[in-house]
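Each of the two complexes below includes subunit A, the first together with subunit B, the second together with subunit C.
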Partner chain A sequence: MSLSTCMIVLMAAPLIAALAIAALPSKAFPRAVYECIHVVSIGFVLALGVYLVYVEFTTNTPITALSNWCRLDALSSVFVTLISIIGALVGIFSIPYIQHDVDAGHMDAGQVKSYYAFYSLFLFTMLLAALSNNIIMMWVCIEATTLATVFLVGAYKTKLALEAAWKYIIVCAAGVAFGLYGTLLVYANAADVLDDPSQAIFWTSIVPNADKLDPMLLAISFTFVVIGFGTKAGLFPMHTWLPDAHSEAPSPVSALLSGVLLKCAVLVIIRFYVITVGCIGIVFPRAILVTLGTLSVVYAAFAIFKQDDIKRKLAYSSTDNIGIVALCLGLGGPLGIAAALLHCIFHGCTKALMFCLSGNILMKYDSRSMRRVNGLLEVAPVTAVLFFVGCFALSAFPPFAMFISEITMYFAAIVQGYLWLVIILGLALTVVVAALAIMCVRVDFGHAPADVKKGEVPVMALVPEVILAAVILWFGIAVPQPVVEGVDNATSIIVQEQVDPLYSDALLTGIAQVNK
Partner chain B sequence: MQLSVLAGLSIIVPLVMCALIAMCPRSVDKKLSLTGVIISSALTIGVMALFAAQGMQSQTVTWLSIGGVAIMGWVFDKVSCLLAPTFVVIGLLVVIYSTAYMSPSNREHPDEPRRRFYAFMTMFIASMAGLVYSSTLIGQLVFFEMTGACSWALIGYYDTEKARKAALKALIVTHIASLGLCLAAALLFWKTGSFEVSAIASLQGGWKTFVLLSVLFAAWGKSAQLPFYMWLPSAMDAPTPVSAYLHGASMVKVGVAIFARALISAGEVSEAVGWVVVIGGILTCLFAFFMYLPQKDMKRLLAFSTISQISYIFLGFGFYIFGSDMSFAGSVMHIFNHAWAKTLFFLIAGACSYCLGTRMLPQIRGLVRRYPVMGVAFAVAALAIAGCPPLNGFFSKFYIFAGGFQVAAGNPALMVIVIAALVETVGCFVWFLKWISSVLFGEPSEAVAKGQPLPPQMGAVFVVLIVMVFCSGFIAAAWLL
Partner chain C sequence: MATGYIIVNLLACVLVVTSTMVVLMRKLRSAAWTYAVQSLVLVCIFITLATTAGSTGLYLWSASAFVTKVVLVPAIILYTIKKIGDTADAELPVKLTPTRCVMLVVAELIVCFVAVLGVELPTAGEVRPALAISLAHFFIGLTCIVSQRNIVKQIFGYCLMENGSHLTLALLAPAAPHIVETGIATDAIFAVIIMAIVAYRIHRVTGSLDAEDLMELKG
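Moving on to the complex of A and B:
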């Protein structure tokens, strides 16, 4: 099987799984059947995704399919890895979680069926978004992720869940429409200036010709793109859908939304960022991204502090971290971009862990409020220890992974001469540390309400969490060489020249370039 | 090479034990913790011995570098090889003491110790060793934050509302302080392309001052100097062995240790830094002294005493910047000496809680009759802190002040500062003498008369610490000079 076919199969597998689950009548088959198809689907995505990324990485040649509509390069590799690994781990976590929901009467057979169907569909749309080389397709894919997830957000069909789902689809659809406008501007402009207009739809054809595009149009289109896809990514002030959707969705879905989906929207912003920087330089994109990023970080820091609901806290923390990613992109330079990509990976793992843990808490306490959720250490000690690890990892304490990306962000800011920014960020992130430390204390310690039964959640729910915790600790102590090189290669694509900011002497070269 | 293996193991072994404590049943937590810390103590002492055997040549070993840029490394010199075993061995003594203290028979805080106490204590000790040996600002930052997280968990151990607040305060204040270190690391890297502390020497003029002041900011926060002192008195809600470790050999010593490391590496330092250091030092010193006066709780008194003692160390560093090597040696000696004396003092406060059920000084009288070991230890610790010869505090303060007078000759402003500090030591001496006479002598008060016997582990730890309070001044002088 050729690599192109492999890539098509990678995308088709979860789609087929979704269709298969949807086609089966919900009453006639036991839940186990859906679970099996679900496991096959996530296992397939994991195996093929990692295999393709491995091939791309070792041969260092992009893989294309469907006459260049889909393309796996170093940049999309980062995101495909994230989708396949976190998708699989969270997918495993889903099984005991949904089982619990069925036992507790929160879901009936039909809801379970649609949960698994949409889960696979969700994976499919994200993979398509990450692999798309066609800029219009990118927009379509991001819209498709909204459609696939809106039913997952509203899965419980409670009043609040439906309201959250409604808000989610309205805000995102309206927001992403701006993205379409920005996309079309780029396409129309490229069709004008490219020698072969039929190529104007491909990102890979626009990028080398970015300098021929109209600077004014590009500035306008980038603004629209950031507003549009920034809505989907959860940047302040377009983040309003995010806390509701993340908190009302089933916890595994929250994990996937926050850990991976937001990053897919960031990937689209990155794609347009490359074109824009190629055309009008970094000053304008930097102004937009640094402003929105800083506002997101500062606003979300206080919002996290104020919340009483564990999942809403985590949701605002996503806005906070997406703010960091946008900010790093805005700072630019090899170091800033590497920081942004590393933060995408590390935050994806950490946040997936935290949302899964919030799922454990829901299973035990049937509540997300910190007023009720106390004494986790007595109730479920393993979850409590993981929760402790997660809180400190999310606060970017060493020796956990996010420490590395946040410190790289500080370095990138200093290197670009943004000393004031470092101070603002440092203080805002201190508020986050305080908020998460308070959450950790209140959840882990104290005494559990009398009606909460002691006992750990099922092993199958714990295994993915332990793996995620181990990964963030591992990446924090020693980022594995392939990850470093992968991020280096992706950074090279973004800055459009061969650099390796994290590897070899180029860390210094990068700075030398900036100083010039 | 062997040095770095030993140093690395001295950090990894307790960290592994910490993970094991979290995974194993509660019955073995003390044993695991003790094993880890004993091994770590032996290894750090091994580093010290090997370093001495190799002729005391300073050396730096990089063990993690990315593309030629050193990220983490160890430095072995007279300072790190002296301080690491100090902090780890004191940690060991504190763990031994805790095995008796953290028990249901404790009168003030009866407690069935939970695993997290030993887990975090062990991790704390490992982080301290790591911090002292670190040769790069990134390494220091990592261990700096780890000590912050450990102290958070330990200060909040009793899980009361007050303890939770105190823990958060310590975490946040020291986290803000860590931003100084972060800034220093970023600036150093930007300007020199290196994270090694020794690169500070190659910085130009204003940047060197800026980086050193950033490190100083971090050091002030962690060492509870003005304007960041507030977390330390609040941290008295911690179990007393934790307070002893925080004050004697960990949190507050982190600050002075990183600043000492920066100064050692900085070469010529501008006097502007010197003025900031000495003025900060003297203000903190006087402030802390006035805060002694209203304190009735032994632990709070000791907390302010720690703040003022640390300010001497900063004063010594300041005098070093003005040109006195003697003051620098005095300050490093004071880190070493104060560690033993203050640990002893806090552990006595803990023994009072344990045996008498109170640590309010006015309620304690006639201690020496009922508890001779504790009484002697109290007197020794108080006199050592006050700087009475031949106890250890005298020697280090002597060096600091001798150096101070040396550089202040012909500099009236500096002379005022030196004299003010000297007056403070006299005041401190008088104040401690007052409490010695009221606590030790006379008829035992009700609390003392009804006290329960001192557990043997505590007595043994006191004896070791008393011996060290007598000897450490000589050990430090022999090692450093």
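Moving on to the complex of A and C:
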């Protein structure tokens, strides 16, 4: 099988799984049948996704399919890896979680069936978004991710879940419509200036000709793109759907939304960032991204502190971290871009872990409120230890992975001469640390309510969490060389020149550049 | 200027009037029918552009826009209203009075005309007024979402935004592949269907279509 065919199969597999599950009558088949199709779907995506990324990485040659509509390069590899690995781990966690929801009477057979069908559809739309080389397809795919997840967000069909689902679809659809407008402006502009207008739809054709585009039109379109896809990514002030959707969705869905989907929207912003920087330079994109990024970090820091609901705290933390990614992109330079990509990976893993753990808590306490969730250490010790690790990791403490990306961000800010930004970020992130420390102490320690049964959640729920915790610890102690090289290659695509900002060591490179 | 482009600019003016009427209509059924008329004007613009530019692709766009925007979207909304029953049209206090709404639309039009003056694309030259209106159309849709309390009415806001983008694409890139237009139209149709299902479910659970009733999740 050729690599192009492999790529098509990678995208088609979860779609076929979704259609197969949807086609089966929910009352005629036991839940195990849906679970089997679900496992095959996530297993297929994991195996084929990692294989294609490995081939792209070792040969250093992009893989294309469907007449260049889809393309796996070093940049999309980062996001395909995230989708494949986190999608599979969270997919495994889903099985005991949904089983618990059925036992507790939160879901019936029809809801279980639609959960597994939409889960695979969600993976399909995200893969398509990450692999798309066609700029309008990128919009179509991001819009499709919203459509595929609305019923996952509203899976419980309660008033609050439906409220969250409505806000999610109306805010994201309207927001992403801005993205469509920006995309169409870029396309129309490129069709006008490219020798072959039929190529104007491909990102790879626009980038080398970015300097020929109309600067005014491109500034307008980039603004629209950041508003549009920034809404989907959860940037302040367009983030309003995010805390509601993340908190009301089943926990595995929250994990996938926060861990992966937000990053897919970031990838589309990155694609347009490359075109815009190539045409009008970095000053304008930097102004927009640094402003929105800083506002997101500062606003979310206080919002995290204020919340009593554990999942809403984690949701605001996503806005905080997407703000950091936007800020790193805005700072630019190889170090800033590398920090943004590293943060996408590390935050993706850490947040997936935390939302899965919030699922453990829900299974044990049937509540997300910190007023009720106390004494986790005596109720479920393994979950408590993992929660402790997750809170520290999310606070970007060493030796966990997010420390590496955040410290790289500080170095990038200093290198670019933004000392004031370092101070603001330092203060805001201290508030985040305080909020997460309080959450960790209140949840883990104290005494559990009398009606909460002691005992760990099923092993199948713990295994993906232990793997995620091990990964963020491993990446924090020593980022594996393939990850470093992969991020370096992706950074080279974004800055449009061969660079290796992380090749030796992110920390040492940062310090060396600051000293210079 | 070619007669065709003059007609396009005139039809664009009719379009902005019909769009404002969609926002102002108090009854959902009337809004759905007005939306169908508004979409028909859009289809007429596509046909005029196709004839003027001699683009066969735009004729295909016109046909698919007729099916999706003039027929399917109003049909989906009317079906949803029928399923919900009489309570769908329950009187809700307005967030924005009709006068203020019209003033806002006028302000949006002025801002968009000024913004479009800076665009130097050759394709934009003869249809600059229509281009400004297409951009304004996008913001009229946003105004509809923000100013309406009835959630089914908010769906029209999204459709108007999408129509604005569609018109911009037709004006600036009439030679775009048909598959692009199909992709956008298909996504939009699915979005409307899913919004309609969620609105129906919300009504079934809360007994209302009032967006103000969906404010429990805060902070």
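Note that the second predicted complex is superposed on the first by the 503 of 516 C-alpha atoms of A that agree within 3 Å, B and C clash if a C-alpha of one lies under 4 Å from a C-alpha of the other, contacts with A are read in each partner's own complex, and residues count from 1 in each chain.
In this section, a residue touches a chain if its C-beta (ideal position, glycine included) is under 8 Å from a C-beta of that chain, and two chains touch if they have at least 3 such contacts.
Only a predicted model underlies this, so the values are computations on that prediction, with no experimental measurement involved.
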Looking at the overlay, does A:E143 come into contact with subunit B only (first), subunit C only (second), both, or neither? second
Larger contact residue set on subunit A - subunit B or subunit C: C
Partner chain(s) touched by A:V459 [first = subunit B, second = subunit C, both, neither]: neither
Kindly classify A:A287 by the partners it touches after superposition: subunit B alone (first), subunit C alone (second), both, or neither? neither
Examine A:I414 and indicate which partner it touches, taking first as subunit B and second as subunit C; both and neither are also allowed. first
Could you say whether A:P399 touches subunit B, subunit C, both of them, or neither, answering first, second, both or neither? first
Could you say whether A:A470 touches subunit B, subunit C, both of them, or neither, answering first, second, both or neither? neither
Based on the superposed arrangement, let me know which partner A:A104 touches: subunit B (first), subunit C (second), both, or neither? neither
Taking the contacts subunit A makes with subunit B in one complex and with subunit C in the other, which residues are shared? none
Subunit A-touching residues of subunit B, taken from the complex the two chains share: 22, 64, 66-69, 138, 141-143, 145-146, 148-149, 152, 156, 159, 164, 167-168, 171-172, 175-176, 179, 182-183, 185-187, 189-190, 193
In the complex, subunit C touches subunit A at residues 115, 118-123, 135, 138, 141-142, 145, 151, 154, 157-158, 161-162, 164-165, 168-169, 172-173, 175-177, 180, 183-184, 186-187, 190-191, 194-195, 198-199, 201-202, 205-206, 214-217, 219
For the subunit A and subunit C complex, residues of the former touching the latter: 136-137, 139-140, 143-144, 146-147, 150-151, 154, 157-160, 162-167, 169-170, 173-174, 177, 180-181, 184-185, 187-189, 191-192, 197-198, 200-201, 214, 216-217, 220, 243-244, 247-248, 303, 306-307, 312
Please give the residue numbers of subunit A that touch subunit B in the complex, ascending. 385, 392, 397-399, 403, 407, 410-411, 413-415, 419, 422-423, 426-427, 430, 433-434, 437-438, 441, 445-446, 478, 484, 500, 502-508, 511
